Amino acid sequence: MSELKASKQFDIRFSEVDSMKVVWHGSYVTYFEDAREAFGAKYGLDYMNYLNHDCYAPIVEETIHYHKSLRYGSKPRIDIIYRPTRAAKVVFDYEIYDTESGDLVATGHTVQAFVDTNYQLMLYSPDFYVEWQKKWKVFDK
Amino acid sequence: MSELKASKQFDIRFSEVDSMKVVWHGSYVTYFEDAREAFGAKYGLDYMNYLNHDCYAPIVEETIHYHKSLRYGSKPRIDIIYRPTRAAKVVFDYEIYDTESGDLVATGHTVQAFVDTNYQLMLYSPDFYVEWQKKWKVFDK
Amino acid sequence: MSELKASKQFDIRFSEVDSMKVVWHGSYVTYFEDAREAFGAKYGLDYMNYLNHDCYAPIVEETIHYHKSLRYGSKPRIDIIYRPTRAAKVVFDYEIYDTESGDLVATGHTVQAFVDTNYQLMLYSPDFYVEWQKKWKVFDK
Amino acid sequence: MSELKASKQFDIRFSEVDSMKVVWHGSYVTYFEDAREAFGAKYGLDYMNYLNHDCYAPIVEETIHYHKSLRYGSKPRIDIIYRPTRAAKVVFDYEIYDTESGDLVATGHTVQAFVDTNYQLMLYSPDFYVEWQKKWKVFDK
């Protein structure tokens, strides 16, 4: 069985490139966010789903490793892979590729926790997330 | 009598500089926002004041003229000047100077309207704003 | 004959929405930039074209009028229209529509001047731009 | 002996706050950048120093742990601590505090490598950096 994974091709904005003519490292946080959106749209796990269940899943940990630089005009692709956990967390790995050279440009990792609408940490996964994990058989993969 | 005016000195971030080694034009929107914050802190007219009176003052018009470019390491200053109006609007002019050369780098203008908490346009200025205008004698200047 | 025009549909990022749950006004500068990219890709007039001809076309004027607010989850489209001029300038108008309601959300305008690689203003249009205007018969439309 | 450390107090911009009324996680990358600037200004190790020695020190790794959320109006302080290494790297730890509650809001870590002006990785620390480490006796602390 395969893992839950989404992919998104994107363009480099001129304004994302710094005076060294490479993409500013901070832009990758936005690429990761766009990848989570693409994953959420594909598997039904986005901000709106959280809000509809009176919770929210803020990032509590983010790591990025930069292997190669990206330049204006390159055509990168980001892959996002869901990492199943029984903790009250949503964990993703990320891989950014330069689709022309095939090079792995960057890798990363985010952890999201659940908070209620008062922004209080939830110690247990909300029901809808447990159901979501069952539906997609995330622990069978 | 003098106009209502605030000033703020600021630094150019490396990430605000593009591959031409000048500040990306979009960064000026943030400089204007910082100037409004500085004005609001000085004269008691910031986002919190609006929210405390169940309204909000979104930007409905913004104009920026770029006369010179800013570079990393320069020390600009932004001046914000309140332009009195009897309309239900908050109008500011902006001037950015390079404090080393004295050059006028950019000028601009914003117009804010009032909306209620349902984001419906308010046709009349909220009372607290009329009071604020009286307190600062904006029409006597 | 019709004007030179490009269109781009886009998504609202969660990070572009502010605490009033509407898109932060500064994000529109990026939407306009994306529209210029789309236009440049369609008609061969992008940053790379400028750089290949030893010049650059920085924004010297930008105006945005906000008519309606955009929310997370909406599906806007931006249209960019080239406005022919014999001056050494590149002028665009912009229109952003909410594709679901059909509402006109925002309009805007940018003016770009030409500078050489030393960032000195060019008083005459570079040859490649004059050729580009001829090729697309911009004054016949 | 004490470690090399700089601190910077800062304000939360309205535009950094998301629709949950807390600071968007991506803004912390910019806070870290501002802290590196403050460190560089204090100890003479900033982007200009690198460029003056024909090199550049891009981020190759960045980690952020979010412990508490920041809200509009809070007054955070960021501390940046230099972590000495004999590798051709610049390593910093970061701590963000809410100065009103005293809470530790976030911690993080960046690693920078050296590249030459062709963006080729330098396997050994450039001389000026070795001198800088000696000057500040970073291995004696």
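The first chain written gets the first letter, and so on, giving A, B, C and D; residue counts start at 1 in each chain.
As a working rule, a contact is a pair of C-beta atoms (placed from the backbone, for glycine too) under 8 Å apart; a residue touches a chain by one contact, two chains touch by 3 or more.
Bear in mind that the values here come from a model prediction, so they are computed numbers and not experimental data.
Q: Return the chain pair with more inter-chain C-beta contacts, choosing between B-C and A-B.
A: It is B-C, judged by the count of C-beta pairs in contact.
Q: Let me spell it out: compute each chain's centre from its C-alpha atoms, then which one is farthest from subunit B's centre?
A: Max centre-to-centre separation from subunit B belongs to A.
Q: Centre to centre, by mean C-alpha position, how many angstrom separate subunit B and subunit C?
A: Distance between chain centres, rounded to whole Å: 24 Å.
Q: Distance-wise, how many Å sit between the C-alpha centres of subunit A and subunit C, to the nearest whole number?
A: So the centre of subunit A lies 30 Å away from the centre of subunit C.
Q: What is the distance in Å between the mean C-alpha positions of subunit A and subunit B?
A: For subunit A versus subunit B, the centre distance works out to 35 Å.
Q: At which residue positions does subunit A touch at least two other chains?
A: In subunit A, the residues touching two or more other chains are 14-15, 20, 26, 30, 33, 72.
Q: Which residues of subunit A touch subunit D in the complex?
A: 20, 22, 25-26, 29-30, 33, 56, 58-67, 69, 119
Q: Given the complex with subunit A, which residues does subunit B contribute to the contact?
A: Interface residues on subunit B, with respect to subunit A: 14-15, 17-21, 24, 26, 72.
Q: Under the stated contact criterion, what part of subunit C meets subunit A in this complex?
A: 11, 13-15, 30, 33-34, 37, 47-48, 72-73
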